[in-house]
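Below, chain A partners chain B and then partners chain C, in two separate complexes.
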Partner chain A sequence: MRFKCAELKEYQIVGKPLSKTNEKTPIYKMRIFAPDEIVAKSRFWYFLRQLKKVRKVNGEILRMTLVSNSSPTKIKNFGIWVRYDSRSGSHNMYREYRDVSTTGAVTQCYRDMAARHRARAHSIQIMKVEEVKAGDCKRPIIKQMHNSTLKFPLPHRILKYNKKSIFVAERPSTMQ
Partner chain B sequence: PKIPKMLYQRFIEIGRVCYIRLGDHAGKSCVVVDMVDQKHLLVDGPETGVPRTVIRLNQVAITDLKITIPRGCKTKKVRQELLKAEIPAKFAKSSLARKAAAKAATANLGDFERFQSRVAKTLRNRKIRSTVKKM
Partner chain C sequence: AVVSTQSTGAHGDDKGKLVAIVDVIDQNRALVDGPCSGVGRKDINFKALHLTPFTIPIAHSARSGAVRKAWEKAEVTKKWSESTWAKKLASREKRSQLSDFDRFKLMKAKQARNRIINIEFGKLRNAARKAKK
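Showing the complex of A and B:
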């Protein structure tokens, strides 16, 4: 089932314009982040149309593969280059995220852009996603996790209490 | 000089043994292997059947047990250190584990056992109340 809140998937889509004569046409490959195959194909043509003189009518998709996560238990830093349309213009951005997978990082990026800039998914273009080494990271929020002896307490911890104990005789303890 | 006791004794850190309260692996203990961000941990529980996964901080309760492992080390090493520090046995003795076990036990009580526990409680409370009255 497709869930709006689910993580995006990474597709590698290869397509080319059809040729009316039997000449060779260039083949284009794109890295698309989409919730499913249908949206992935749609975005492929959207971008290809912007970048090259190809339309879905005049082209064909040669291959679409779902790219799986190579190391789902290794935490990586991702640098994401985004282009997005705000209410008054188009802007480029470089954003950093820490996640276990590329798709996780890109999903975080979409959520983050929506939260911080009210940018909807249709106005966001992911230009490049790259794994960045810890030393090359720029954002302090990401760099603060690069401490090998990192530790923090959980002060004043408020846990979600179930509805059974919504009224209690004594104030619950928030210590750890 | 006397080292003052810190206000916070338990930290989220590499090697901290945690108890998973919610989610897929609720009720199991695991070890913090790495931290993704302020709200997510990479966690591994080779002795309790928790696979190496990312979980949210609010799914987890910190225990006062800790092992020494390098950041992001392999599951084999985590298991080694866990067994060396005898964590499974120590965790089973902790109040968290004992409470969870007691809760599981009461959930599995049959009708007669529930009756027995009710009778036992009534007798105990009767005794307590009569002793208090005499005071």
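Showing the complex of A and C:
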């Protein structure tokens, strides 16, 4: 089952416009982040239509492959170039995220844009996603994690699993 | 690198297993690895971890092999199983697994123990009463 809250998947979609006169047409490749194949194809045509004079009616998808995670156990810093529509106009953004996978970072980006700018998924366009070296990161939130002697407490720890004490006489302690 | 137990229902099959925190992803997540406890390297929320007092000396983002070596050298699994925390978890687990017959046996064992205690207590009480008089 596909869940909206699940992580996006990365698809590599290759398509081209059909030609009526059997002449060679250019082939276009796109990197699409979508929850499933159907949305991926749809977004492919949406972007291609904006960039080139092709429509789904006049084109065909040659190949769609699911891009799997190259190194799911290595922490990476991702720079994501976004274009989004706010209530009063369209803006470009560069955002950084720290994650284990590209799809994880892009999913984070969507959630973050929704939270910070109330931008819905349909108004967000992911222009570029790139792994950024630690030294080249710009955002202080990401840079603060680039510390080999990093230390931080987990304050006000609320343990969700603690079902045995829903009603208690005294306020439980959240100190670790 | 701190060793911690995983304790939530979210990661059901890995519940209660020991893993080492290998690196920190961001404020909420850590990269953990449990080569000696059968947990694959993965990212996990801090909320799903309980830190133990055991640490192993590994570099951040060390590979699974290095983690395993340091883990075995520090004898973490052995130290953990000897700790009161682990024993409490084990006894809790055992108690939840008892069958009705086991609970009956437990009741009888408690009864026998309490009888011995109460007899001794009675003796002490009577001795104290006599001493008062």
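As a working rule, the second predicted complex is superposed on the first by the 171 of 176 C-alpha atoms of A that agree within 3 Å, B and C clash if a C-alpha of one lies under 4 Å from a C-alpha of the other, contacts with A are read in each partner's own complex, and residues count from 1 in each chain.
What we mean here is this: a residue touches a chain if its C-beta (ideal position, glycine included) is under 8 Å from a C-beta of that chain, and two chains touch if they have at least 3 such contacts.
Treat the numbers as computed from the prediction; the structure is a model and nothing was measured.
Contacts of A:100 after superposition on the shared chain: both chain B and chain C are touched.
Residue contacts after overlaying the shared chain place A:74 against chain B and chain C alike. Once the two complexes are laid over each other on the shared chain, residue contacts for A:169 go to neither chain B nor chain C. With both structures placed on the common chain, the touch criterion links A:155 to chain B but leaves chain C unconnected. Applying the stated contact rule after C-alpha superposition, one finds that A:5 touches neither chain B nor chain C.
Touched by chain B in one complex and by chain C in the other are residues 73-75, 98-100, 145, 148, 150, 152, 154, 159-160, 176 of chain A.
Across the complex, chain A meets chain B through its residues 73-75, 98-100, 141, 145, 148-155, 159-160, 176.
Interface residues of chain A facing chain C in the complex, by the touch rule stated above, are 72-75, 98-100, 104, 145, 148, 150, 152, 154, 159-161, 176. Within the complex formed with chain A, the chain C residues making contact are 7-9, 23-27, 31, 33, 41-43, 46-47, 51, 60-61.
On the side of chain B, the complex with chain A involves touching residues 8-14, 21, 34-38, 42, 52-54, 57-58, 61-62, 71-72.
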